[in-house]
Each structure stands twice: as structure tokens, then as C-alpha cells.
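These are the structures in question, set out in turn.
Next, two complexes with subunit A in common: one pairs it with subunit B, the other with subunit C.
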Partner chain A sequence: MSLTVHTEQRGDVVVVSVAGELDMATAPQLQDQITDLLDKGRNRLVFDLADVSFCDSTGLSVFVRAKNSCDEAGGVVRLAAPQRGVLRILEVSGLVEVLHTYPTVDQAVAGEPSPASS
Partner chain B sequence: MRDRCLIQDQQGTRKEPDITSDLPRLAAVTRPHRGPGLAGSSVVPYPHGGLSRHANLPPGERLRVLLVEDDEGDAFLVGELLAETNSMIDLQVATSLSEARRRITNVDCVLLDLGLPDAQGLDGLRQVLEMSSGAAVCVLTGRSDEHLGIVAVAEGAQDYLVKGQVDGVLLTRALRYAVERKRADENARRLREVELRQAESARLERGLLPQPLMTTDEVAVHTFYRPGRHAALIGGDFFDVVQTRPDRLDLIVGDVCGHGVDEAALGVELRVAWRALVLAGVPDDEVLPALEQVLMSERRLQEIFATVATTRLDLDANRATVRLAGHPPPLLLSGGRVVPVPAPGGRLLGVRPRRPTAYDLEFDTHDWSLLMYTDGLIEGRVGTSDERLDVPGLSGLLDEPANRQVSLPELPAWLVGRAEQINGGPLADDVAMLLVTRGGGR
Partner chain C sequence: MTNADPHAPRTVVPIEPALLIAEAFDQAQVTEIRHSVTSCAHASGLAGQRLDDFVLAINELITNAVRHGGGRGWLRLWVEPGMLVCEVADHGHGISAQRLGDRRRPAPDTAGGWGLWLARELTDAMEVATGAAGTTVRITTALASNHTPH
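For the complex of A and B:
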């Protein structure tokens, strides 16, 4: 199954909307988009996961890498609106707080201090 | 020094064999004519000994040959030789190396004159070998440079032909043979590469999936490993079992994210590091933090992490301590029920370290099993939906009445079989499992 990635600037944040399954086969595609954004100096990223039906450890590693790069550049990575299965993977991996996960895109863009995890 | 003749006259310094047919021969002084077709020749002369005298080459595909030759006359003559013998060869001519470079794609064989003006001798050959990749290379040498032909073959050409000693049949045969030999060499090389990769994978697998280090017969441990659909890419799944006291057994199942030799090698390092930490008697609570340090200092890339589940069994007390670091929980089979061990989910190793919480599990009876596994087992699909098997689905499979007929040693393989059935095909990722059982086991 293929992955689609759209980006949209909202204020000082880029919302990266991902749709499809994020696994070993598709993760490089998202990684390329993130690399492009970072190259352009965009380091405040919100990933809209509402249409991501599946994410495995390869997918998680893309977010971890994005977070490391954005942190280094003084930016931020937040996740928004994960489906139940993806949220479960974030919880099992213990990354739900590390990756600042919010129930909605608006909340993630606003960066209110009430992540879904807490 | 160029030798302009493909075939020299009979008064040459070397005695040529008798030529009994009037096949066209290349000569600088006399332009060839079209002789009678080969089909009509009962005896076909071969200046070289040792080759079959059957004129008709076995039927085969058409070959595309690129002749790199700056002498128009010689180029014309090669074309004539091939035309005469019904050679099934499509000849193109390039008059220089730079032209050859543009035309070399989709060519089966390059026939190279070693005396080109823009690259004399072996230098030209090296350039052609570099640009030819899949194509075979034959060289043409002058009679006085025959030694160059031998050197050319040593450098990587498939064959050499001496001008003045070639007729159409020999030329055709040499070109076809060169192409076949190049293909055989390529196949042998690929086979060797595959063998090396397999040997490397096998070595890594042995490192990731060792023999349990235990002597007790209070419990039995059944191990299982199945590579994923992309079998060429070895995963970083690993497990290990170590007994440090008569009543104590430690077990670990883990997974380094990513697929490749580096990740697998890191999995081996973590597995060995864990075994060493346990054998060294490092306090239980300190083992995973130390393992995380090993991971973070040894990994190639910052974003590489690992998930692990560990279990320490206290056999005398019939008790277990389970720790999870980003890993799905073991399943407990006991009293006819299957439940995930409700250990708190700790953070995976390698991203903002946090000590996993220990969860103590008291067994009610002496008949139980713990199933530890990697996430490849639970990431399969459920039918055609977006749903994945996940932990509840896996528990459900173990609750199916059918598995009561399956013996405990067979249970891991049976589970993977069922997961694949529901997935509608082989699972994408590697699966590693440890099944530790006591008494009747469930």
C-alpha cells in the first residue's frame, strides 16, 4: 500500500499530513520529505497521523530521527490525531511523551501543554 | 605498431595452413569478394587448430556486436566475414573510443582493435572494460603483438583474435563464445555474491539466536525464528536464555529497529552484552540501563533504537519478574486461559533513557507457559481490513480450541502458521519467539 504525504505551512509550523501505512517499504518516502523540509530550514513540524492506519518500528524511527534533527536545530516535532492502533504503538514503545502526541492537529499546532499522553 | 592485415599472404613469415575454400579473408592488399556461401562448403578451413570443423553454428539469438576499429577497410572486411557466414550478428562500428562510449549500451560484445589512435593498446582495453559492464570484450591484435592478446585476456577480455588468422566462422564462433563466457562469469560472480551474503546472514543469525545456556529441567524452553518476507534483509530480532543459579533463569527477546547487516550486528552485540551482564551478576534493575548504554554507544545512527522484554524466573518461588522496554508483553498460558502479562510498558532503549518498571508475576500453579515474541508476530493483517493481529488477536489465537491438540514444542510454529493464514500470506517482518513452560504448560 502506498503512502501519501502533504505539507502545509501554518504560522511558524509545517503540518505534514501522512496517509497510508508507514512501514519498512514506505518509511523512506516520508524520510525524504522530512529531509527536504529540514534542508529548507523548516524545523517546527506537526505530523497529522489521522489517515495513518499502521506504523511499525521503521515508521517510529523516522519520527525519532526527525525529532533528533529538529531538536538539534532548535525546532520541535509533535504528532497529532493518531488512530487507535498507532497510538497503541506509541504507548507500547514509550514514545508518546517523547514525540509530544496531541489528540488534534489544532492542539498540536498550538502546542498547548496537554499532550494526549498525560 | 599496427598490423593492417587480418589475414596475411601466404608468403608471410609464419606458414599459414592451406586455405581450400575461397571464404573472404581480410587483407590490406586485396579486397575480399563474396565467395560461395558456407552451406555449400564441405570443408571449412580453420587457421587455428582444435576447433570443431562443423561450419554451421548452433542456432541462437542474434548478437549485437560493436566493432571499435578506425580503419575503414578492416571494418568493412569484418562486416563481410560476418555476412558470409550467416552469423546472426548485427554489427555496429565505432571508429574511436569516444564514439564507442556513446554506442556501447545494449551491446552483447565489443570487438576492439588494440591499435586505435585515441587509445593505444591496453589503455584502450581498460577503458572499454570499464564502459562495457555487461558486454563481453574481444580484442584484435596484430601478428607481431600476439602477446598483447594474452595480456588482454589476463586484464579481463574474454578472448583475442590475431589479424591475419581469422575467417568468418572462427570470428563468429569467437564472438559467440566470448558472450557465453562473459555470461557464465557473470552468473558465477552473482552466485558467489549470494553465497557470501547468505554466509554472512547465517553467521549473524547464529549470533542473534543462540542455544539457551541452561541445565535445569524444571522448565523447558522452546525457541523459534522465522525470517520475514524480505528474506534477503536480515532483521535485528534476537533472544537469549541464561541460567545463573539452579533456581534462576533469565530470558530476553529483543528487536533492533531497521533491517540490514548493521542492525543485525548490533542485535548480536546487545544479546552478547545482555548475557555478559546477567552472568556477571549485575543487579536485575541495572541490566537494561546498562544495555541501553551499550546500544547508544555502539549504534551507527542516532535514531536506531531497540525494544526488549526480559523475564527473570525464580523457580523455587514459582515467580517471575517481567520488564518491558517498548516491547509487547509476554503472554501467560495457565489454567486454560491466555492473558498478556500486565507489566507496565516501559520506553524503548535508545531514546531518552528511562528505567523500565519491574513487574512481579506470581504463578498460581506449577503448570504454566510464558510466550515471549517480537512484534513481527503481531503486525500481520487480519483479513483484508486495516486491522492488525496485535496482542489481543494473538491471545485469541492461543484461545482457539485447535491449539490444545498442538504440543508445546510445536506451538510457536503453529502460531506463526495461523498468523500467516489470517494475514493472507507470509508475514512481512522477522519473528522470534521463546516459549518457556513448566509442568503441563497450560
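For the complex of A and C:
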């Protein structure tokens, strides 16, 4: 199965658009992209999840690791536009707020103070 | 069943559980087997969030089997009256009693340890049999449409 990851600088953040299913088969691909961005000093990341149809604990781990790394570097990780199933795993695991989840990419890029969970 | 009595009532309670999937898997088949599970569970009447939850729970068990259970595992999915049951077995070294006994939600900054916790959280019942020869996890979800989880 394939995952596509596309990155685009928008203002002071990098929007990482992910499309496909995030599981143990595809998560390493996203992890590599994040490692690459961090190596280049990019630590303000917005993940556009609109086209992610499935995310499991392996995908969750990638976002948690990204958040930890970006926090450490003085940056930030925000999630945007998760579909129902992806929002569900974020809610169940209690990570909606921790991972700064916004309903839209624009809101996540703007980083408005009160992230909405739905 | 026989056709001996053509006037017998047509509503029959099955005695044998209906086996939907019985498959071995390894890392390369994780996505594919998840798709099979989704189709079968949906065809059995599971839908919406309860379908998503059950599929995610099974996915976590499959992932655990591949990552911690010796690289491969065996999955069986079947229907019992009013419920869907899935069993995932591996030949890994087992889960420690300490790890199994800790049912707390992992801390939000930990990247690991979510799989088993999620599987328990997302299903109606979970049983674990584990030892040095491997682990078998059985999860159950109710099929009744008026069922309210937890």
C-alpha cells in the first residue's frame, strides 16, 4: 500500500500533506520525511490529514515523536482536518489537544488559540 | 442440516459459529488483512464507528504480532450469535505480567505502548492468553444494532 507525503512552506510553518493509510507498512515513510525536515531545521509542522483514511498506533507514534522533537527544538506540531476515523483514534487516546488538532489547514497554519476537536 | 422435513421452520439458530477468516500473516500482509477484516465485519452487520473501532483494534493486534510476536501471526474471525469475535495468535515470547496488568492509558508523550491499550478500549471484551510459547488475544464486539458500547 502506498502513502504520499507532500510538503509546502506556508509562512513560518511547513504544511505536510499526507494521503493514504497510515499503518506499520507506511508510517516509516512519513517518519523519514519528518526526520528530513527536522534535519533542515524545520520544526514548525502542520500535518494536513484530510486525505488520510486510516491511522493506527504506528501513525500516532510518528506524530507524538514529531511533537516531542519539535517541542525540544522550540517549534510546534499541529494536526489539521482529520477524517472521522482518524479523529476517533486521537480522541480515544486523548491526544486531540496534545497534538493541537484543528478542523482546517488554514486554522492550523494560523495557529488560533483554541483548537477545536470537531 | 437435512432437507428431510420440508415443512420445518426456516429460522435456524446456528450451532457452529460461522468462520469468516482464518489466515496466517506477516509484515507484508498487514494492510491487506485489515481490508479483508473490514469487508467481512461490514458484511456481518457492523457499521459506522463500531466497525472502525473493531477494525482498528484488530489492526493493533496484528501489528503487535508482527512487531513483538515473532514477525508473523494467525488471525481467525467468526460470528457468534449477536457478536463478532476475532482471535490473533503469535509465537512470540509473550507479554509480561507487569505489562499486561498495566491498563492505564499511556502518557501523551510516549510513542509506544498504545496498541494493546487501544484494542481493549475499542472493543466490548478482550481476553489475553500469554506465555513463553506465544500470545493469543481474543476480542469481541456486539452486533446488535441497539447495543451501546461500554
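In the analysis below, the second predicted complex is superposed on the first by the 117 of 118 C-alpha atoms of A that agree within 3 Å, B and C clash if a C-alpha of one lies under 4 Å from a C-alpha of the other, contacts with A are read in each partner's own complex, and residues count from 1 in each chain.
Assume contacts are C-beta pairs under 8 Å (C-beta built on N, C-alpha and C of every residue); 3 or more make two chains touch, one makes a residue touch a chain.
Predicted model, so just to flag it, every value in this text is computed and none were measured.
The superposed arrangement places subunit B and subunit C in clashing positions on subunit A. When the shared chain is aligned, subunit B comes close enough to touch A:91, but subunit C does not. Contacts of A:106 after superposition on the shared chain: neither subunit B nor subunit C is touched. In the superposed model, A:60 makes contact with both subunit B and subunit C. Once chain A of one complex is fitted onto chain A of the other, the partner contacts of A:24 extend to both subunit B and subunit C. Shared interface residues of subunit A, touching subunit B in one complex and subunit C in the other, are 23-24, 54, 56-58, 60-62, 64-65, 68, 85, 88, 92-95, 98.
Residue ranges on subunit C touching subunit A, taken from their complex, read 27-28, 30-32, 34, 49, 52-53, 56, 59-60, 63, 66-67, 105-106, 108-112, 114-115, 118, 121-122. Only residues 23-24, 53-54, 56-58, 60-62, 64-65, 68, 85, 88, 91-95, 98 of subunit A touch subunit B when the two sit together in their complex. Chain contact summary for the complex, subunit A toward subunit C: residues 1, 21, 23-26, 54, 56-58, 60-62, 64-65, 67-68, 84-85, 88-89, 92-95, 98.
Across the interface of their complex, subunit A is touched by residues 230, 255, 257-259, 301-305, 307, 325-328, 345-348, 351-352, 354, 375, 379, 386-388, 390, 428-429 of subunit B.
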